[in-house]
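Some structures are shown below for you to check.
Two complexes are shown next, each including chain A; its partner changes from chain B in the first to chain C in the second.
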Partner chain A sequence: MTIKDMFGNHLSQVPKGNRKDIRNAVEAAHAGTSWASMTGHGRAQVLYYIAENLSARADEFASRIEQMTNVSPSDAAKEVQASIERIYSYAAWADKYDGQVHHTTQRNVTLAMPERVGVIGIVCPDVSPLLGFVSTVIPAIAMGNCVVVIPSETSPLSATDFYQILETSDVPAGCINIVTGGKDELTKEMAKHDDIDGLWYFGSAEGSKEVELLSAENLKRTWVNYGKYRNWYDRAQGEGAEFLRHATEIKNIWVPYGA
Partner chain B sequence: MSIKEIYQTMEYGPAPESNKESVAFLDSHKRKFSLFINGKWTKPSSGEYFESFSPATTQKLAQIAEANEKDVDDAVKAAKKALKPWVELGGHSRARYLYAIARQIQKHSRNFAVLESMDNGKPIRETRDIDIPLVARHFYHHAGWAQLMDTEMKDYKEIGVIGQIIPWNFPMLMLAWKIAPALAMGNTVVLKPAEFTSLTALLFADICKQVGLPDGVVNIITGHGGTGAALVNHPDVSKIAFTGSTEVGKIIRRATAGTGKKISLELGGKSPFIVFEDADLDSVVEGIVDAIWFNQGQVCCAGSRLLVQESVAEKLYSKIRARMETLRVGDSLDKSVDIGAIVAPIQLKTIEDLVQKGKDDGNICWQPSWTCPKEGYFYPPTLFTNVSPSSIIAQEEIFGPVLVAMSFRSHSEAVKLANNTRYGLASSIWTENINLALDIAPQIKAGTVWINCSNVFDRRDLVDIESQVMVEKAAKRACTNM
Partner chain C sequence: MDLTTLAGDDTRGNVVRLCAKAANPVRKDLLEAMGMADAGITTGAVCVYHNLIPYAVEALKGTNIPIAAVSTGFPAGQISLPEKLKEIELSVASGAKEIDIVISRTLVLQSDWKALYDEIAACRKACGEAHMKTILATGEIPTFTKVAKASMVAMMAGSDFIKTSTGKESVNATLPVTLVMVRMIREYLELTGYKVGYKPAGGIAKAKDALNYLILMKEELGHDWLQPDLFRFGASSLLGDIERQLEHYVTGRYSASYRHPMA
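This part shows the complex of A and B:
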């Protein structure tokens, strides 16, 4: 499908993904075992590397944002800068989102350990195409998940350019899978899919409802915004524990004392 | 029987627990219970009542009000009205109420235990030693979180009116899991107990009156599925917390889709119980008793799939059969009974049907030589061996005292078999090798892993179980998800 700028000028062609591409992407994500088994320290290093490579090409990404969304050069530069900072935040979190040891009434050590959800589908917000992509994808992978991502339908090019960053940053195969195309169609396919463990959706109220409805059959974990606005530049809204909670499950391991 | 004979047979005599206090409670309500709305006993607007039976004796216990849409609306209105003053009371005052409730539950613990045993059919030994002490523990624990909310959870606020729908297998414990954290964080609640087991929730309503809990903070509405549906669909309910069947969980997910209502669902399970060859097999046998015969197997996280390493499989099966011969099934108020009654005829039928299907699939079925009492709804402990992983009894939740066993050779095969299920509530791992146990634990797709123990509970910090994963979270998290 053709991507145009704000004035209707042709920018690029991107693939129009369908059900089969989602299927293939989910299979690839499940095969991404090397990312899943990496330590937090290892993931942190890869994330810092992504940030470093994005910094090196900041101007290029800024002009792409300018092209797609017609924001001013300074606003575009600001979006790239915010994206780099965000990646730093999750590189920081990657080895710090710890569990707990609970006091129980039995003679036990009871370990509450956060672990990855598994394969998470992510439908990115349409606004701030780079920052929205980074703010949703990076927390998920920081916690060890592999992701299938649908970037902004109208402005997908900063996501497709991001391939090159990933390729040069030691991100293993299967960790991030990007499917471009119609947001509504691809979202439905992900919601219906039985082998996606979690689904994050940032879009319209109707789309949110659809996600919750279609996910009922396999009861995957869903996180939707009901069409509500989120300011991705605000660190209180755009990053932090809320994202990490959705990126993890807690496993409780009871180990009794005594021989 | 003479003492000499008893010494020879070593058999238990009858040891009935007195039901005097519980009968007095039922009589004080003239064995006809209204709805508890806005701090008052309120007759159902439909005028309809249904019977509650004791499954161990089939005796009628009481008539229970059937709440309709109007009653649900009244209850939600009362909860909504009570919300603001309850929030404004502040954490410390709410802590005092929760603490008072915990104390009253302890004071009336015998009555709760007996009434629960009569209404549900579970052994008095279990309600007395496990369910009710855990209920008190839960209210104490969350009294603490109410106290600490202002300082430790500054960013959090109440959700609003919470609709809570609970199952019949642990009536009081489920009530505590739902109500304690909700009240601690400043929410008000409308709770619907399961239709088979409303009585202890109604006794709890009496406790709420006794401690002077403000009207409308806790509302108890009894009834069947229609009552629950009215609660789920009510526009002024901000969250639905549900524990029960997977089927109903899906209905709730669909009914609330797009409304912005929060939900937490805790649904079915088919939890693996994995025995490696170096495990202490005698401990394993007792672990299995706790896993699948605790509460007649009517436990969402029951260890219902026994996976045992091939080298010790036959040895373990024969030990299990020997233990099954000595299990005692009978009247739930008998203090030396291991397995009580199945909650209702419909559940008994489900178990019988699934066992028949298991036999039809060619799996080997074994039951003890003794027979269950004829009065009441009983089912004997049952063991299936050589079960194929795709058999219906290995995949479907039976929710009864039926253990299905299969063997594995390698560690990776154990993990694969364990995860070959759509559920993910719990699991247990048996080995004397801690390195092996902690290597396997992260590989099992389940929210809880018990190592060399099973069905162990404590305060439970509730949970967003948006999937079927039972996740017992850090206490703060618990409260924030409510």
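This part shows the complex of A and C:
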């Protein structure tokens, strides 16, 4: 697939992923057991490292955003800066998103423990190619999930460039698997895949509906936006507990006690 | 397929579970969807360690699935010949219908073919009526020439099957080593008229890998070597992947392994 800038000039080629690529990515994600078994503290260290490495190459990533989306240099730099801050934010969250101890009607100690969902498919928003990617992928992996990611269809190069950051940041194999290509086609394949445990979709209203419909077969957990706009720069909309909640399952442990 | 569990943490529980899977290798709804519900599909055998045979006997009662036991100091084979023979006899007495023996790799490495022949022949005698599969442990044999010679010696000494590996070597069944061994099976057939079976084992975990082996068998030896009396896979997780592929075939959706009963 050819990626062009706003003036129609050739920027780069990216692979046009298909059904089989999604399948292989899911297999790789399931094999990513070393990430899944890492402690929250360990994951935090890796996330800090990602943020530092992105920070070191901020100019490069900004000029890529500029090329793809034709935003001003200062806006591009702003997007990279917001992305770096977001990663730091989730690095801090990684070992602090704790469970709870609940009151119940019986005599129990009742613990609610957040656990990873498993393998989550993420369909990134088309706007803000780097910030949209970071804001969705990082909370998912912060909670120990492995992810299969479809980056922005029109501007996927921030995501593919991001591989270089991941490679130098001690991210183990299988943790993040990026498949570029047609958003609608690849989303459908993820929704139909029974070995994906959760699916996040940021796109159109029709696309959201299809995700929910196709995911019903194996009751995979879906989170879709019904085509609604989200301001990724706004911390209230673009980060925080909402994301972490979708990245975790609560396991309740009831411990009865006697007199 | 010889559905296999050969681990230090094997217990009665997982052997019984394995046997249940061997008797019902594919989920019933999938078989029904393919019109195969009445085909009576089972695995070729169940393969366990010697001391777990009684559990398998109990669990497989009422089926025709034979029990294969790895006897003779599996996997290294570093015990004396009388001990090996005794273990075979005990396995057969416990109810094993098939015995997978391991050869002394030392003899192959030292090219002591006469001693290797005598060892395997003695094992053959100890097996009695039981089928004998001879494991060469090709991952520990340095050259194809030695693999070929060891294959020939194993067949001459009365093996019903020759088998690549224990699954415990660092390199297990591969297609190149398979080609060497099946060509020796063909040569032995031409020389003597006896058909010897082939069992690749270890590392064959995907349905696609299995297809590669089946194609190779068909191309090199013909249709007879696609049948369970002359061809077996030694595998533990392969069946799960085959089930996943069958579910994909039936539903058109990629399947999750946790949707199938464990082997």
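The definition used in the following text is that the second predicted complex is superposed on the first by the 254 of 259 C-alpha atoms of A that agree within 3 Å, B and C clash if a C-alpha of one lies under 4 Å from a C-alpha of the other, contacts with A are read in each partner's own complex, and residues count from 1 in each chain.
To be clear about the criterion, a residue touches a chain if its C-beta (ideal position, glycine included) is under 8 Å from a C-beta of that chain, and two chains touch if they have at least 3 such contacts.
These numbers come from a predicted model, not from an experiment.
**Q** Kindly classify A:253 by the partners it touches after superposition: chain B alone (first), chain C alone (second), both, or neither?
**A** It touches chain B, and chain C stays clear.
**Q** So, A:217: does it touch chain B (first), chain C (second), both, or neither?
**A** both
**Q** With both complexes superposed on chain A, which partner does A:195 reach: first (chain B), second (chain C), both or neither?
**A** second
**Q** A:26 contacts which: chain B (first), chain C (second), both, neither?
**A** second
**Q** After superposition on the shared chain, which partner residues are touched by A:98: those of chain B (first), chain C (second), both, or neither?
**A** neither
**Q** Identify the overlap between the chain B-contacting and the chain C-contacting residues of chain A.
**A** Touching chain B and chain C on chain A: residues 217.
**Q** Across the complex, what residues on chain A touch chain C?
**A** Per the touch definition, chain A meets chain C at residues 23, 26, 192-195, 217-218.
**Q** Which residues of chain C touch chain A in the complex?
**A** 252-257, 259
**Q** Which stretch or stretches of chain A touch chain B in the complex?
**A** 99-100, 102, 104-106, 108, 110, 112-113, 115, 197-198, 205-206, 208-210, 212-213, 215-217, 219-222, 226, 245, 249-256
**Q** In their complex, what parts of chain B are in touch with chain A?
**A** 137, 246, 249-250, 253-254, 256-258, 260, 265, 267, 434, 437-438, 441-442, 446-453, 456, 458-459, 466-469, 471-475, 477
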